[in-house]
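Chain nomenclature is as follows: A, B, C and D, assigned in order of appearance, with residue numbering initiated at 1 for each chain independently.
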């Protein structure tokens, strides 16, 4: 059963409760025709049921994504701490307990653990509370409308991403034939938000950060899409499900599945570098280089707006890793006893852990170097990758048919 | 060049008086204010003192005293066969009413801020300095606090 | 983008202290710079005129919180020259050991604060973790972790306690292993090289004329170290070499300055080991210490950042008449426009971090 | 140097990640370097300069600590001594009794920089620095410690000789002395005695009278210069001492082996 099928059943169950409620409301004002009644009628139709089901599916995808977001943030903090010979967040429970003591005036009766260790994930809750309760500052000379719109564009385009990629062929909130194209389109909305907030802050650091970000994202979109083009050529589709099925079906030596990472290794490397730049993590986080530009385009933001930027970056990181998994690592393909959704998440988390290690091992590179890398190295490499794929998909089978070569690909 | 020769040559210069060696590698001398610029140019170009270590202004009440320390880094002047680097300590005396002297910031780039500091804290005017502003104290600060006649309040907290 | 002035500081992650660097940028290229000081001015020279000579040893401690012992030592050396105090032989060795430990701690502090400038937080924590080792060592005889007030006029406050030598040997062995490990993280890391090589270059002649001394000058190939060229304490008798960066692509740039400091740390450990070997027994403080002084004296020492020079005039009372401090960073910051022009905005932290700025001693 | 060419494209992350991976496993399966501060604390060394404590039984109220304090965060405050405290006073208890108002130091830790001069220059060893360092407070007033809060009582008191760490002693300029004996009253170590002077002196009233002058026992003098401060006729001044029995600042008795 697919996610959508489950949601459909949930929708059918829920309209049995909802329709009597709306009909009761309609019955309150009998002389007039009432929108509640129209709504009840619409819910009973096929389209109404589908809409309800979509509503459930998207919410489930969002919940999964947000849970993953918290996990990724905690993972990043813990791994960073271990790399740096620290402990990372450990005692958040203790501080919550102290808050309890302060509020009630006496010590709370509950006690979790004597040494308070191992519950540092609550640090995310504490951070969330902090961000929500902080003052929202808008600089006097900032453009108020654009200043508020910047984070909204950035976070909404990022959350939108969460609904777009499937965790498996049955667990998908959306399954568009052009799925990956939609994902990449959603990815490239973000520069608008960045530029907007960078310009609207009326701050030189923000403006330079915004400009850098725009330049970086624009120059990395092209090799990114070109490296994806190889996969699309092989699979003949933009649909994530088709791409993963193609990878699962094609086999290699000893019947091992040939995921796209093997024939298209160059494409994989280019894609990984580009997606790192696209989600703006170290070593490509120079739009918000804290050493020279304070925080880049987020300098003037505070409170929940700043939190939105941070969250959106992690969501984009998660989405980027998911796209890399679908394209090159065989998606949810894996041996039987583990469910495919878990396989997918394992692969995604492996990529994220690799990124975390990169992030805490290397310094940040410079603007001119990043552009040189993008235009002079990655663009030719991605073109070479496409040439290889064309040779593989079109030319080699052609000769195979004539000369009776062994079928390698 | 040996440091003894350096001292002889320096003491022969116009306006130099009281040349002496206060340590093995330090020559100390007084120079007349008017011939100071020529002397410093010669010190840099002919004797190879390529580093201006420090410019100190002292309020000797009533007159001001400027103490220049120059270092020879590339060992154009030697002390025997040792590795010691030679320093020259130059004293210049200025009147209290018109504490002006020619700037040496065109000879030594490092002297630029030392002169600004002497102007800032002691009120010595360096003629020909490209950018004679206050450096440590804020713009618009009144007076030169390292002068001995600067009046200030000592704030002692009562507790 | 048209040319514009960007103000970096006084509250800015790049500045490591309170100062302002105004840079004029054309796009991302720096066309002019104007450093400004004075945000941390505490009038140490004027304060010194109100305190007695021995009380003043606490003030140079606070000149640079990263390397406080070297500054106290420079002051004490000058006062001893002024008062003609002979200090015992063992005190000289103890001082040298403390100075080199402090140099290690200071260089580690620099390395630790340089890495976040390049966006490398892990490096910062590694170096600061190792700095803790040396702070623990410095803490044992002096009783304090940051501002030691250990070197006194006429010697040192107290002798090295029992077990200090073994502890120091252990720490140095561990640190040498870690330094080897770090070479992979920094020198052999491509991105670290990309950020630091061919950036912030100046030649030896420029450095000497602009007053840039210390490791920054040795990074351009000048073989000049006051521990050798104007020896104090017992550096003459100790077996060590001046570390310079002679030729090659890393010549006078940020990477060469980084390498010079790493090599100096290794050299410092060599000096400490030699001191442990040669250290005699005896008292560590002169029996009589004068209180009043007349005349004038100056001494220069090799601070961790360059040439530290103090000039003191005494008028016969127990307080200095004029106390002048030369900070190496004062002139190095003044030369900032010379070595910033032509590089990118992203290079500013890389360059200004590599010269090891300490605003405490600069603003006095 | 050819180091530049040695690095390949893989060195972007391979070399650094070797180090970070190693450290990751080391600190995951070992103990990280962090000290979880409020739960566990590191031990300061015995020489640690923390919060001050004053052994009142040893304190003679000479005020040298207030004199040498570079920040002037230490002031001598008059206190009332109980009879028991009078009896316990090991050093010169008779002086403490004789003095009209005994004084003990009070410290404003808001200004203190823990330089340790008060401990080093204390002639009796009454001023000590403990290894206590958690003294943060929410108000500035909370950091002002009155004289009595600094008091500690020790069972076995260290028996130290009086030492002149100030390297100076008072010298009498005999002509202006009026023989008021204020210096004797205020001397904390009782090292001054009044005796008949060498010659007579004309008073304001025109009478010729023999004036008693102070004489100093320099082996007991601690150089606190209290006598100089209280002298109404300005006839005392401090001079560098030539007393060879006075040792320097050595607080450690035995130098350790190299």
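Convention: a contact is a pair of C-beta atoms (placed from the backbone, for glycine too) under 8 Å apart; a residue touches a chain by one contact, two chains touch by 3 or more.
Predicted model only: the values in this text are computed from it and were never measured.
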Chain whose Cα mean lies nearest the overall Cα mean: C
Best-connected chain pair, where connection means C-beta pairs in contact: C-D
Centroid spacing, where centroids are CA-atom means, of subunit B and subunit D in whole angstrom: 40
Whole-Å gap between the CA centroids of subunit C and subunit D: 30
Distance from subunit C to subunit B - Cα centre to Cα centre, in angstrom: 24
Distance between chain centroids, defined by C-alpha means - subunit A, subunit C (Å): 47
Subunit D residues counted as touching two or more neighbouring chains: 12, 16, 19-20, 23, 33
Per-residue multi-chain contacts in subunit C, two or more chains: 122, 126, 129, 185, 189, 191-192
Residues within subunit B bordering two or more other chains: none
Pairs of chains satisfying the touch condition: A-C, A-D, B-C, B-D, C-D
Interface residues, subunit A side, partner subunit D - complex: 79, 81-87, 90-91, 115-116, 357-358, 360-362
Subunit A-facing residues of subunit C, complex: 1, 4, 6, 8, 12-14, 28, 115-123, 125-126, 129, 185, 189, 191-192, 194-195, 344-349
Subunit B residues within the subunit D interface of the complex: 156-157, 159
Of all residues in subunit D, those that touch subunit B in their complex: 72, 75, 108, 111, 144
Of all residues in subunit C, those that touch subunit B in their complex: 37-38, 41, 43, 45-46, 205-206, 208-213, 217, 222, 224, 226, 228-231, 298, 300, 307, 309, 311, 313, 321-322, 324, 326, 330-331, 333-335, 338, 363-364
